[in-house]
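Note sheet for the following structure.
Read from first to last, the chains carry the letters A, B, C, D and E; within each, the first residue is number 1.
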Amino acid sequence: MSIRISQIDKTYGATRALEPIDLDIRDGELIGLLGPSGSGKTTLLRIVAGLEQADGGTIHFGEREVTQVHVRERRIGFVFQHYALFRHMSVFENVAFGLRALPRRQRPSNSDIRTRVMQLLEMVRLSAFAERFPAQLSGGQQQRVALARALALKPDVLLLDEPFGALDAKVRQELRRWLRHLHEELGFTSLFVTHDQEEALELSDRVVVMSNGRVEQIATPDTLYREPANRFVFEFLGEVNRLEGDVANGRLTCGNASVSVPGVEPGRRELLLRPHEVHLAEHAIPAAHLPITVAAIVPVGAEVRLELEADWLEEPWLASVSHAEFERLGITRGRRLFALPSRLHGFDAAGAQNVALPVG
Amino acid sequence: MSIRISQIDKTYGATRALEPIDLDIRDGELIGLLGPSGSGKTTLLRIVAGLEQADGGTIHFGEREVTQVHVRERRIGFVFQHYALFRHMSVFENVAFGLRALPRRQRPSNSDIRTRVMQLLEMVRLSAFAERFPAQLSGGQQQRVALARALALKPDVLLLDEPFGALDAKVRQELRRWLRHLHEELGFTSLFVTHDQEEALELSDRVVVMSNGRVEQIATPDTLYREPANRFVFEFLGEVNRLEGDVANGRLTCGNASVSVPGVEPGRRELLLRPHEVHLAEHAIPAAHLPITVAAIVPVGAEVRLELEADWLEEPWLASVSHAEFERLGITRGRRLFALPSRLHGFDAAGAQNVALPVG
Amino acid sequence: MIAATLRRRASRRVLPGFGLSLGVTLTFVSLILLLPLTSLVGQLSQLSLSQYWFLISDPRILASYRVTLLAAAVAALFNAAFGLLMAWVLVRYEFPGKRLVDALMDLPFALPTAVAGVTLATLYSSQGWVGRWLETLGLPIAYTWVGIALAMAFTSIPFVVRTVQPILEDLPSEVDEAAVTLGARDGHAFRRVILPHLWPALVTGTGLAFVRSLGEFGAVIFIAGGKPFETEITSLMIFVKLQEYDYAGATAVASIVLATSLALLLVINLWQGRFTRRLHGGGA
Amino acid sequence: MIRIGDAPGVRRLLIGVALVLTALFLLLPLVAIFAQALMGGIDLYWQNLSDRYTLAAIGLTLLVTLLTVPINLVFGIFLAWLVTRFNFPGRRLLQTLIDIPFAVSPVVAGLVYLLLYGRNGWLGGWLDGYDIQIMFAWPGIVLVTIFVTCPFVARELIPLMQAQGAREEEAAVTLGASGWTIFRRVTLPKIRHALLYGVILTNARAVGEFGAVSVVAGAIRGQTNTLPLQVEQLYQDYNTVGAFTSASLLALLALLTLAAKAALEWRAARRESLA
Amino acid sequence: DQPRELLNASYDIARELFAAVNPKFVDWWQQQHDEQVSVKQSHGGSSTQARSIMQGLRADVVTFNQVTDVNVLADAGLVAKDWQAQYPNHASPYYSTTAFLVRKGNPKQIENWDDLARDDVELVFPNPKTSGNGRYTYLAAWAYADQAFDGDKAKIEAYMKRFLGNVEVFDTGGRGATTTFVERGIGDVLITFESEVNNIRSEYGQDGYEVVVPPVSILAEFPVAVVEEYAERNGNLDLAKGYLDYLYTEEAQRLLAGFNYRVNDEAVAAEFSDRFPQTELLRVEDVFGSWPEAMKTHFASGGELDQLQRR
């Protein structure tokens, strides 16, 4: 079932929760809504579900306009942030709820309900827990019950509000993987909310990045990371180092540091780069003279994270280097080196601008 | 002030919270207590503080035995997990509390208190917030108030229980850095609890890894990562891939996969490796025949994370490869490749064993 | 117009039952609460301002305000202390019979006020088990304002205990510990740290006890004695005026009691709201 | 664990004072009621209990309670549902209105009803024309009792339902449930205990209301005397033992209320500790 | 079907009296009319009762202790305007006066009204504002003072002030006062109807108390009337009239005298004459002009009583 959102907006009292929003979702897509707290993700999701009424705009599910259709008739499955399981019902009864709530004529027989629920529990790998109560389950298990419950009525559209927000890292990883498999298997269209970049990137076919009630970018994870549409997206998607200085003649100068930035307009400019775009060397090169001091060393996994300080920097930079490079340079605390940026990103009203440097 | 913990143990009812523990902390050291939930970190910290009574063992601060000394007289500063700020007092009054609670003879004059508190607030960069109430501050600011309050009486020892646990990633990073600076500046001995590996590794001079009330390893972050004392430490400190099979003639076989493992004892064995120790190639090499299929691709920062599946694997493996390698191999979903482990780790009762393979 | 707006909104509501609950509630509130109160207003509106003033400022009535306020204040203060003590003991300590004591705290709400009144009058009269002893000590209770305060205190015991208790229960042990690690002695920590936390609940509970005491009737009349200017409470004056067919007077005095109680409730709510906002964020 | 006031001396002192005061203020009156009731021996007690007028008072009290409690139960549920599940203008006002009976002295409550439904009141006068009598008959007693006890159920439910939020109900709607199904299968089980607690409180107050009822009852023996009024009248008839016999009945009811409440709390605490 | 029910609204302390009268009346009516009826009672301060009736308490007959309370009903049209003329003796089948109950041995030597104004005496009587009983007490004291000080207003008021100042407890009704005096042991003197005083002695034993009937006191009439409006509606008009008629029968009069009320039936009065000391009984109408006048000057808000109690 495809979803077409046109010009949906919403205001709560004085708060503009959503600017008019357009969004087309293809049948079977898995879309992540990513954005900082208060950016309107939940609001949009609830409007799609019919749990909230938009102030204006329309929503189509396939060819059918559902803007005025009551939640009950939208054929959606909704997974709430904290699951909203019925605490006083067993896992089985939770999952069976939607089936039992059907009008008598459509309601399956008790034995059919039983079969269907057990099949769903099988699918979420919880058959052994049918008789438990939600409070007796771990967070991840509760999450899966919520999913099974939402899927019981075979919805066309599955909506999930921060489905893994309350889980710890390990379980989250596992459930993510599992959700993706489920999605591929059953083929429903899904829309999920998250404020965790990694989660959005890992799980979604396309990511909708939101801030302040606006859509900042809609793109595949790969495009998003490589070609952020604007500064907000760039900053939101990962750690960022800042370099501010005056550009003249294709070169940015900042205190005793300078770097060649071909093609950047002259004037005061701020350029950004990610930690893995910072390389280190014992000597400056013509294109970049950026002297720094190593302030801290943290070996994490495959890489070593370094904190770099310099007079010309307001905030220290972070760099991640491989163990090999770390050892080659014989880096120690207090070591003075030169930073060689492999890429610099500039954003202004006109759009994004990337400067590639011949390093690395 | 050095701290000497000897044979401290503690049992709550039927729960053995701490096995007898020994730990020597040098003057001015910054020690992280790392371990999963319930491993006894908080218990140990509270016993050092004097908030909890050990069942046996002794604690010395420098040469002075403090085992029976009341918290009030131990000269420690304690930062609670959720800060435990006094909500009804302004930031200023919170920080001043300890000074005002001094017996009249020792209590500084009001103007001295004012000076000292403002100096502390300066230090934690909160002078502008002196008249605010805790509820009007962000989590990170509250955390800094808690620190200033704990430092007001110039304690010899600073104890922190999950000081950054409740903060979000960005703030946490910043505060960590700031705490390390503060520690270096003031030179008190500190002991902090965390269950976040990265935090422990980044912040501590030495890390104490605990599980089930026992100390698993005490080492510098570097050593810990490179030479984990046992399987628990290895698994706890990062993501792990598993390889289980039968070893015969220096080769481990598992279904249609096999890998050379010189020096490993024959029999059923489980070997572990980290995602960055998995490399990929189009062809198998004599030392390793590990056919896999790429199940998922997630570009994250400097690297691309891959999920690898195979018949001979129960759980998929994770691999992280650089963008360069990713492009060189032209990796796509469903691509069949061969995994080349650069290192394999084996743990048994006797200790740790590393197998290096000639890859990468 | 408003109804139409409401209806339009109602049709868009996600959860069912808005119209029905609104209907039932408004009907009930109008019939049971508002309609009778309008009759009070109706009665009052027949009085001129000067008549009204004359009725409510009669010296005997004024004296009854004084007695009522004084006794209620004493009762409320007693309960503030007693309630705080009981809440503290019930939350912080374990002792045999604790559950029983805890359950007993609600007795005054469960016991009909008339029964309480009759019993207290019997116990504290000069012939009663307790009154007899107090009499020999020169402390007559029944038929003095002390007796009134006693009856008021009895019927409002649960207010303070039950408002302070949950707050104290929720007070994390870290608050105690934070104070102690900062070197505070128990007394200092209690005064400067714990009490301020309990303050809103304590004031609210005491305020509610006070309001309840102002209106208390059943428990008080048996022990009050009804001496003009000395032991007449305002509720009794209303009752007396009713018995004299003095509806205007009864209504006028009732309006004062009602206004005072409502104003107090309002103040308590507002104050509590402000305090809570400060503790949980929002404007200073 | 270090807690303030845990020094043994302080603890013993505070517990001691608390116990003495509790015994004096709460236990002693309770004992006195039964002691006075049984002063004349068990036979007299039975004789007093089976007095025609006492039996009638018990009957009337039961009638009033049986009518009041369900009405306030239904009203309380609707009100709580309304103010916790919907946002509409006047919501806060409604919540404040419901507190009025707490602020109103029972005598004033009786008075306003008398002013309205009395023969001289505008509604009462009109009803009198149809020969319908509200005041000085059981309907009046029921009405004032409803007035006095109407906040209890709502006051128990509102904070709870507010804290619980509407998420589970919303989940039920997304699963296609109708209003009645949502209430019966999702909301009711969650609020059962608070509801029961509210009912217990309503019941206790309905049985025991004195001030308001005494204004509108008319004191007709065997007809409009509720148990508390009966206590007062017997007490004034030199019949102390009789008065305390009825009082002991009410006290017994109070004790049952306390026991029921304690049992509920205990069960709730146990469920919480299991969860 | 249901037997007819008659509701008698009466004053506070008449509970036992009518509890005894009613069954006899039921028998009497049965004999006369061959109909089984029942009588219900409602008791309270007699003004309260009048107020309740006006507000809708559907009493068929009233048996009060004060003329004004019936007058109020007459004014409201519930009782015939000429109710006092409808039954003998101003529609008062029995009467009493105000007397004193003192503790055994009369330790304070109370003999007459002037003793009650002494500094060392503590009094208990019901609140004149709410209780007919209390009003009689007040009026009796005033009537005594009026006689003793020869109508000197200042002296009367001085006396009354002292008298009222000695009151230890004001209950709302006669019964409350009795309980206070007897059960709570408060006060040296209980002032109430002579009938009540004697009843207390029989109830609480002869040894605890002594009765003092002062040489001068007030005549307390106990007026009765049919509340025609209601009786008619209830279909009880004949029954109500019969009930009041019955109170004048010799049988009833004997019953009343047995409860220490003075009666007019000569035979019965003679029979019980030893119970009722000869005293000078002043009529309210004679001393104060009329009941309404007495009410207005003395008991209205801001009236003499309020003035005297002001300090």
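As a convention for this text, contacts are C-beta pairs under 8 Å (C-beta built on N, C-alpha and C of every residue); 3 or more make two chains touch, one makes a residue touch a chain.
If you're wondering where the values come from, they're calculated on a predicted model, not measured in any experiment.
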Q | Chains touching both chain A and chain B, listed by label | A | C, D
Q.
Among all chains, whose Cα centre is located farthest from the one for chain B?
A. E
**Q.** More contacts between chains, B-D or C-D
**A.** C-D
Q. From chain A, which chain is the farthest off, judged by mean CA positions?
A. E
Q.
Using Cα averages as centroids, what's the distance between chain B and chain C in whole Å?
A. 53
Q: Express in whole angstrom the distance between the two chain centres, defined as the mean CA positions of chain D and chain E.
A: 38
Q. Can you list the residues of chain E that touch 2 or more other chains?
A. 54, 183
Q. What residues in chain B touch two or more of the other chains?
A. 51, 71
**Q.** chain C: positions in contact with at least two other chains
**A.** 14, 177, 179-180, 189, 239, 242
Q: Identify every two-chain combination in which the chains touch.
A: A-B, A-C, A-D, B-C, B-D, C-D, C-E, D-E
Q | Complex interface listing, chain C residues touching chain E | A | 55, 58-60, 121, 125-127, 142-143, 221, 225-229, 232, 236, 239-240, 242-246, 249
Q.
Quick check: in the complex, which residue numbers of chain A touch chain D?
A. 49, 51, 71-72, 76-78, 80, 82, 84-89, 97-98, 101-102, 133, 135-136, 149-150, 152-153
Q.
Applying the document's contact rule, which stretches of chain D touch chain E when the two form their complex?
A. 114, 117-121, 124, 128, 131, 133-136, 218-224, 233, 235-238, 240
(Q) Touching residues of chain C toward chain D in the complex: what are they? (A) 2, 6, 9, 13-18, 20-22, 24-25, 28-29, 32-40, 42-43, 82, 85-86, 88-89, 92-93, 95, 97, 99, 101-116, 118-120, 122-123, 129-130, 153-154, 157, 173, 176-177, 179-180, 186, 189-190, 194, 208, 211-212, 214-218, 222, 234-235, 238-239, 242, 247, 250-251, 254, 257-258, 261-262, 264-266, 269
**Q.** Partner chain B, residues of chain D touching it in the complex
**A.** 1-2
